[in-house]
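Below you'll find a set of structures to go through.
Each of the two complexes below includes chain A, the first together with chain B, the second together with chain C.
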Partner chain A sequence: MYRLYLVPTLLINVVIIFIPAVLTIALAFFRWDGITTPVFIGLQNFQALWSDRVFWTALTNNLIWTGIFLTIPIFMGLLAATLLLIARRGSMFFQVIYFLPMIIATAILARVWQGMIYSPVSGVNGMLQRMGFPTIDPLSQPSTALLGIATVDLWHWWGFLCVIFFAALRQVPQEQIEFARLEGVSFWKILRYVLIPAIWPTITLMMIMTVIWSFLVFDFVYILTQGGPAFSSEVLSTLAYRSAFYDLAVGKAAAVAVVISLFGLVATAFYIRAQAKEFHQ
Partner chain B sequence: MKRRTFIAGSLGLLASTALIGPALAEGKRITWWYESADPKQQGYIKSGIIEPFNTANPDFNLTIDYRGTELDKQMRVALLSGNGPDIVYTAGPTYVAPMARAGQLLALDDYVTRFGWTDRILPVFIEMGKYDGKLYALPKTYETLGLFYNKTLFEKHGWKAPTTIAEIETLADAMLAEKIVPFASGNANWRPANEHYVSIVLNSIAGPENVYKALKGELPWTAEPFVKAIDTLNSWWQKGYFGPNYFSLSDEQAFAQMATGQAGMMPTGTWQFQRVNTYFPPNNAEVGFVGFPSAEGINGPVYPLGVGSTFSVAATSKNADGAAAAIDYIFSEKTYGVMNSAWPGEWNTPLADLSKVQVDNGLPLYGETMKTLAEAVGDNQYGYTTWTFLPPATDSYLVSGIEEVWLGRSTTAQFLEQLNATFLQEKADGKVPAIPAR
Partner chain C sequence: MKHEVKLVENRATLILTYTVLSIALIITLFPIALLVLNSVKPAAQIVQNPLAWPETFRWDNFTRAWEDARFSQTMLNSVILTATTIVLVCTTSSLTAYVLARRKIESWKIVTFYLLGTTTAPIQLFLFPLYFGFAKLGLINNTFAVALIYTAIFSPFAVMLLRTYFLAIPRELEEAAQIDGANHWQVFTKVMLPIVSPGILTVALIIGLYSWNEFLIATTFLQGSENMTAVVSFFLLSGQYSSDWGEIMAAALIIVLPVVVLFVLLQRRFIEGMAGGSVKG
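Let's turn to the complex of A and B:
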């Protein structure tokens, strides 16, 4: 009887996730403009992706994005959370400050950075240029566009990690930290041998989620550059969006979505494995 | 408690009767989804179209719903599910053929005769809205590309509006020497702005006859005239005619730069007329507009024809007569005058005869330009904008592909080759919009 409790959530999952997912996978094998009747074409959409250099650029950009977000914000978040743990005074204030960007809509954040920071007309960048500094708008150069977008997302994201890590660190038994301090262990060694091992499951979870989210990144890229200039900041999700809604190639977009899901699936498998391991321990 | 409930219930019943009463008295509802419009613009639509239509047609009740910039995506999904509004507002002629093929649109041929559209609307536009011999769409507004310039700045430097490609290049070089950006431009808010420049060179350098042949599949996009056009555009980019901040500026910021004299000219569309009164008078400057200069051997200036959005009636509409009547009202001389007076550049419906239309928007230049364009279209002497006549994936590639040429990531030959391959694929799939005969 208790299994009946599963029905509502199961129903929601079937309607909102399972059916659209199955339809998307099926569409990847069809040619469809989103308007007329779909035509079955087998693996042609995947073959087209294989020989599409923009697809490879997008995939590479997603990998670079994942690399950036697996390192920089996690390092910054850990460092700041540890400092908050040690210097307890004002920690609430800093938590609020760090978390603030997370509660602002991404579209607004992106427009603020575009108009008030990067813009050579209305932004800080323009002010610096008028003062004689040879600065550039990173979004306007193929070599820096992706980094320019990543900077905005990093600014928005790392504070969230900091708050999560801080919450985990507060669960570490105080005696362990106090004991290490009494023994004269340095800050870095406490971090290395006490704190990080204690919150390792949280770090692992956030890293796995980072991989999944990195392959889903869309909003900042679409608002700031729409994948440009010259495809230099294209990611898989913007490629899928452009294919579906501008090229009217919904089948190809579905194929890209399947590729995105494959990466998410691998990360999810790791997550489930890690969870199972933790559960057994 | 019971008495209170009774009183509350009675009041509620009275209120609902008061609300439902007028609703029942109103005519049959016509739904129309529109893209984004600011409150001022929504006011123009309300006072210029909705209210006068409903007053003149008490049997109908035209309602409008502002859906934002993603309207075309919402519309496609709604029509797929058999819903959506009575008046279908598409993102351009490219979308009409697949929608008509899918049976989502109603053939308008009966209304053509009922409302006399053949006499009132320029024939080219009737042809553009056809699929399989039947009319499915009419363009809401049509536009062209040309060259805006800061007349005051030109007078100060003794410059004249260019009439040939050689003249515009000499002028642009002179501007660069004066540290003035020759072409006010930017695509930060709208990446497809790139195709405005591609459309300009395809028509003014390769020529509209060659573009027509390519659209009909009689000439490949890799042919020599197109190579010359893209090479010229690339040389302008490399020389810095588009300024240092193309990818950072919005078109509005670029327009403002031209008004202040930081930039000299702006190759762009007639929709920019709506910004003239905002930026030129405060800078004590006067605006100029000419057709874009043409290359030797091209009879110019060429006015490339652009249609940004179209009107159709949904096949599932329960009030098709009402929807067609509303479209007919929008295509009246009265609406043309009212809407173009309030909101120039956005409601240039393709009326064949503008001689009796009263437009008062303080922009005589706009009126003259639109008359010139109407005449050019009437004489079949027009060019082709890429967003109107190219199929979707070809157009989408063109937007990003030209950036690759500009930024040295591909060559003109590679760009045109991929453009041609994408076009041929879409032509084979029947995605090229109707191309009226010249």
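Let's turn to the complex of A and C:
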């Protein structure tokens, strides 16, 4: 009888996610414009990607993105969480503010940064330029566009990590810390040898999630630069989206989606393994 | 009161700690402050100096934003879409979470791992066949169809979160009800559901937030002016060339304000729910 309880969730999930996912993998081996009958072309979509300069730029950008997000926000989150642990008083207030950008729509945050900060006309950037500072709009330069987008996502994201790390740090048994304090161990040593090892599972999990999410990044890129200028900030997800809906090359889009999923798959395996420990209670 | 160990007694360290935490606070709030400040300024003054205090308060920014973004229509669309998604996710996920938490079926492990796996599936892996399939079935610009997509994407998260609430219920309670002659459906609806209602409220809040803010699916599947969400109409308004940034920031504030008010009132639920769903329960 209890099987029936699962039907709604699984039915919706299979129809919306599983079947289309299988179709996407199949479509990667077809040429299709979304309307006419798909034509089987074997590995041609993948061969075309292999010799496509934009594909390699996008893949490189995703890897750079992963590198940035595996280091900077995790360091910032850990640092702030540790400082909150030291401060104690007011930590809830700081936490809530750091978390605030996470609850605002990405489309809105992107426009605020674009218009109020980066824009050489209406933004803080333009004001600095008029005052004589040699600042640039990072989104308009091929060499800085990706970093300009990453900055917005970093700003929006690090507070979430801080809150998670702070929650984990507070779970560390007080006796361990107290004992170390009584022994006269310095704060940095406590951090290095007690606190960080204690929350290491949380840090690992966040790193796995970072890898997964880094290959899914879409909103900020799509809204801030559309992958430009000159495809310099293209990532795999925007490349796939543009291929499918602007160029009507659905087969190529499917091939890119398969590549994204391959990177995700490895991280997902780690993710499920990390989560699986929880189910052995 | 729980005894808490002071990590650092040194006054200078504490001052440094609060300084760093405050700098992070200012960086976090700076773009949000620009949003609020410039929502009441005339466009000409924003171009002069986005940081300056308003010379004149242009409250009509809000009325013009409301008109131009057609919020009386698009806000209603967002409310309907969000409410439908919340109802669908909460009903289907509580059923599934109960069965999985209580291990009512033998294949609970496979189902759990399958759902965990789909939380990390890139949207692009199922987006393209789904779009062209929905187009063929005439489901583009259909709010309920989009609510179903949201349900598929968000329900694994909801299941994992609710699962922890069901796990916390003592088995004896369930057994006692069964001995009293309640059938399995009565046990679920009359005994279990009332106990996990705080969890369902948390799920409702977070799913509501995600649906309200969502961009990629909404902009792809709801393009018609009759059906688009508030976030998408904001995106279109802010993408026009003759941009009045005062009006755009006013539109942004209209979308963000209800979310921020809810967040401030129910911060603990939001933070625990969002952090708990992606980490462990």
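Everything below uses one rule, namely that the second predicted complex is superposed on the first by the 262 of 281 C-alpha atoms of A that agree within 3 Å, B and C clash if a C-alpha of one lies under 4 Å from a C-alpha of the other, contacts with A are read in each partner's own complex, and residues count from 1 in each chain.
One rule holds in what follows: contacts are C-beta pairs under 8 Å (C-beta built on N, C-alpha and C of every residue); 3 or more make two chains touch, one makes a residue touch a chain.
None of these values were measured; they are calculated from a predicted model.
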Joint occupancy of chain A by chain B and chain C, clash or fit: clash
Which of chain B and chain C A:Y246 touches, first, second, both or neither: first
Touched partner set for A:G159, first chain B, second chain C, both or neither: second
Partner chain(s) touched by A:A257 [first = chain B, second = chain C, both, neither]: second
First, second, both or neither for A:M102, with chain B first and chain C second: second
Touching partner for A:S51 - first (chain B), second (chain C), both, neither: neither
Chain B versus chain C as contact partner of A:G34, first or second or both or neither: both
Of chain B and chain C, the chain that contacts the larger number of chain A residues: C
Partner chain(s) touched by A:Q171 [first = chain B, second = chain C, both, neither]: neither
Which superposed partner A:P20 touches (first chain B, second chain C, both, neither): second
Identified clashing stretch of chain C versus chain B [45-53, 135-143, 171-179 or 189-197]: 135-143
Set of chain A residues, in rising order, touched by both chain B and chain C: 34, 121-122, 245
List of chain A residues in touch with chain B within their complex: 31, 33-37, 54, 114, 118-122, 137, 139-140, 142, 225-231, 242, 245-249
Residue numbers on chain C that touch chain A, as the complex places them: 2-8, 13-14, 17-18, 20-21, 24-25, 27-29, 31-32, 34-35, 38, 43, 46-51, 88, 91-93, 95-96, 98-99, 104-105, 109, 111-113, 115-118, 120-133, 135, 148-149, 151-153, 155-156, 159, 184, 188, 209, 212-216, 220, 231-232, 234-235, 238, 243, 245, 248-249, 252, 255-256, 259-260, 263-264, 267, 270-271, 274-275, 278-281
Contact footprint of chain C on chain A as seen in their complex: 1-3, 5-6, 8-10, 12-13, 15-21, 23-24, 27, 34, 76, 79-80, 83-88, 90, 94-109, 111-113, 115-117, 121-124, 126-127, 155, 159-160, 163-164, 167-168, 174, 177-178, 181, 187, 190, 202, 205-206, 209, 212, 215-216, 218-219, 222-223, 236-237, 240-241, 244-245, 250, 253-254, 256-258, 260-261, 264, 267-268, 271-272, 275-276, 278-279
Sites on chain B touched by chain A in the complex: 72-73, 76, 79-80, 95, 98-99, 101-102, 104, 188, 191, 244-249, 253, 392-393, 395-397, 400, 403-404, 406-407, 409, 429, 431
